[in-house]
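Since the structure comes first, as C-alpha cells, the remarks are kept for the end.
Just so it is clear, A, B and C label the chains in written order, and each chain counts residues from 1 on its own.
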C-alpha cells in the first residue's frame, strides 16, 4: 500500500488537517501504529492512546482537539466506517483457490456452474448443485443433493448434510456443521430415549455469514430456516425447526432451542439462550448470557441481562 | 409417499373422523402444510394454526373440537408420538455409503467386520476394530486402537483419538471430537502451567447419540465414561474422568467439569454447567443455564433455573 | 509397567510405610484400582474410597492415618503432584506419525525443517514455514503463509487460516479453528449488515495448548494475540483483536469478546464471558458462568460467580 493522504480523504469524503501529500504505507490500530501508518479514533476508551500513538495520520470526528502537531488528521463523520471503507477498498483478502483439485470428488450427477473452485479432498456428493464462482476449501464435505448459490464461500473442514440449501454470497467458516440431526427423542416408560428420525433440512438465505464451529440442525420435518442477511458468530447452536429472521445477529456461543422463531433485525448477544417453541418479534435484543423463557411480541423490546438486574438488587 | 388415511390410522391405532380413503402425499408442520398433507396438533401454542392450516388431515387428541369440515381427523392418544411413528415407518433416511472407498486408509492391522462402509479420505489407524454394518463418513479420522461396535454410524469430519471405545448403535455427528486430552496441569510457583499427560481413554456405551461439534476429553487415567442410552446434543463439553449415567440427556452447550459423576436418567438442560468432582443422583434435572456447585444426592431433585428464582425476587 | 515401590519412592522423594519390594503393575484412580495398582489420595471427597480400594499401594500426605494393613503407603508432601510425575515418567503417550504421507499436499514454496511429520490428506499451502519435529495429524489444513514453531503438535481436522503464526511446543487439538474471520459488520439504515474485511491474523506464543473445537478469530487489523503459556480448554471463543496474557487459563466454553485484553496469570472459569473492549489486570479470576462487563484494573480481583451472590440473597 502506498497512498497519499489526499487520495484517502477523497475516498472517504474527509477533510485534511495536515500534509495532504503524506504517503500512507499501512493501516493499524492506534495502540500498535508505526511511522507511516494511518489509524482512527472512535471509541472514547481508546483516546488514552492518542498522546502516544506513532501513527503518521489519524481519522477523527469533526471538531476533534488536534493537540499533536506531528500528526496529520482527516476529519470524517464516522471515523470507523471510513476506516472500514479503506480496508474494503485496499486490503480485502483474495483467495487463490482455482479449479477443481484432482483429489476432490465430484459425483457425476452433481452440477457445477462456471468458475467453481474446489480444494483438496473435498466431497461433492450425488445430486449437488453448485452455483457460479463458488469456492469450497479443502476437506469440506457435502452429502447428497446439497445446493449452494452463486458466489458463496465454504472454508475448510465444513460438513453439510444431505438436502440442505445454501443461498448466494453466503460465507461458511471452518468446522461448521449444517444439517446434523435435530435432537429429538421419544422417551418410554423405562426412561429409554428412542430417536425420532430427522427428515427435514436446513435452508440458508442469501448474504448469510456463519462463523466457525457452528451447529445448525436439520428440521424434524420441514426446514430449519436462516433468512437473508443473518450473521452468525462462532460456536452458536441453532436447533431443529428454528426460524431466524432477516438481518438478525446471533453472537458467539448463543443458542436457540427447537422450533423457536426469531424475528427480523434481532440481536442475541453472546452466550444468550432461548427456550423452544417461542416467538420473538422483530428488533428484539437479548442481552449477553440472558436466558429467555417467554414470548416477546412487542417490537423493540429488550430482555435485559440478568447480571445487571442483580446488580440493582445488590446495591 | 401415497397412503390412504385408513392405512395410517391402522399403523397408529387411531380413529378416523372423515374420509378414510383420502390419499396422503406428505407430512408437514401445521403452519407449513399444503393440500394433501397430514399434520398433527399437540402443543396448545400451535392451536392458533388450526383455523388456517392447509393440511388435508390432522392427528388430534380424543375429544378435539372438530370445527373444520374440510379436514379429516384421526384421534389418537398421543398425536406427536403417532406422528413420529409415521416418520419412522415411511420417512427414515437411508445413506448410500457402500464399501471401502479407495481414498480411505485402513491400516493392515485394523480389523473390519462384515459390511463396513468407509467414505473418502477416512483414516482407520493401526489396531482399530470396526464392528459389522458400521458406516464411517468422509474425512473422519480414527487414531490407533479405536474400537467401534456393530451398527454404529460416524458422520463426516469426526476425530476419535487413540484407544477410545465406542459401543453398538452409536451415532456420532460431524465435527465431534472424542478423546482429546483432558485439561490438566500442574502450576509452579512462577504461575507457569505444566501439562499432565492424559493417558486414559473415552468409553462410550451402546445406543448413545452424540451431536455435532461436541468435545469429550479422555481421562487422565482410567476412562471418561458415557453410559448406555445417553443422548448428547451439539457443542457440549464433557471433561476428563467424567461419568454420565445411563439414559441421561445433555442438552446443547452444557458442560460437565472433570471427574463429576452424573446419575442415570438425568437431564442437563441447555447451557447448564456442573463443577468438577461432584456426584449427581439419578433423575436429577439441572435447568437451562444453571450453574451447579454442590452434591445432589436425592433422586428426583431439580436444580432450578437461576432466572426463575430471580424473577420471584423481583416480583 | 513393572516397578518396585522403592523405585517409585525414589522418583517422587517419598517415604515408604510397608513393603518396599512390592511390584506395581499399573496406576489407577482410587475407586477403580485393582490388585497390583498404585493410587493416590488427595481430595477429601475421595477418602470414602480408602476403606474399599483394591489398590496395593497408595500415595498419601505425611501423617495420614494408615488404618489398613493390607496396603503399602508412600508419604509425600503433594500426593497428586507426585502421581503426575509418575505418569509423566512412565506413561507419557508417544505418537508414531512419521514422515510426510504421500496423500498430503505440501506446496513447493512451503519450507519444512527437519523431522517434520505430516499425516494423510493434510494441506500445507504456499509460503508455510514448519519448524523441526512438528507433527501435523490427518486432514488438518493450513492455508497460505502459516508459520508453526519447533516441536509443535496439531491433531486431526484442525483448520488454520492464512498468515497465522503458531509458536514452539504448541499443542492444538482436533476440530479447532485458528484465524477464522472476526465478527465485524457495519449496519446501514435499513438494518442490513455489511461485512468488514478481517485482514489481520492470529499470533500464538510458545507453550500454548488449545483444546478441541476452539474458535480463535483473526484480527480486523493487527493480530489476535495468545501469549506464551496460555492454556485454552475446549469450545472456547476468542474474538478478533483479543489479547490473552501469559499463563492465563481459559476454561471450557468461556468466551472473550472483541478487542478485550486479559492480563497475565488470569483464570476465566467455565462458561464465563467477557464483553468487548475491556482490560483485565493480571491475576484476575472470573468465576464460572460470570458475565463481566466492566474494567478490572486491580491485580488479584475476583469477579465472583453470580450464583453464589444470589444464594446469599435467598438465604
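Methods note: a contact is a pair of C-beta atoms (placed from the backbone, for glycine too) under 8 Å apart; a residue touches a chain by one contact, two chains touch by 3 or more.
Note that the coordinates shown come from a computational prediction; the quantities given were computed from them, not determined experimentally.
The set of chains in contact with chain B as well as chain C comprises A. The two sequence copies chain A and chain B touch through a face in which the numbers common to both fall below half of the numbers used overall. A straight line joining the Cα centres of chain A and chain B is 27 Å long.
Counting partners per residue, chain C has 103, 121, 139, 157, 175, 213, 235, 253, 271, 289, 306, 310, 313 as the residues that reach two or more other chains.
Residues 27-29, 32, 43, 45, 81, 84, 87-88, 91-93, 96, 103, 119-121, 137-139, 155-157, 171, 173-175, 209, 211-213, 229, 231, 233-235, 247, 249, 251-253, 264-265, 270-271, 288-289, 305-308, 310, 313-314 of chain C are the ones that touch chain B when the two sit in their complex. Contacts from chain A toward chain B in the complex involve residues 103, 105, 121, 123, 126, 139, 141, 143-144, 157, 159, 161-162, 175-177, 180-181, 183-186, 191-193, 195-197, 199, 213-215, 217, 220-222, 235, 237, 239, 241, 253, 255, 257, 271, 273, 275, 277, 289, 291, 293, 306, 309-310, 313.
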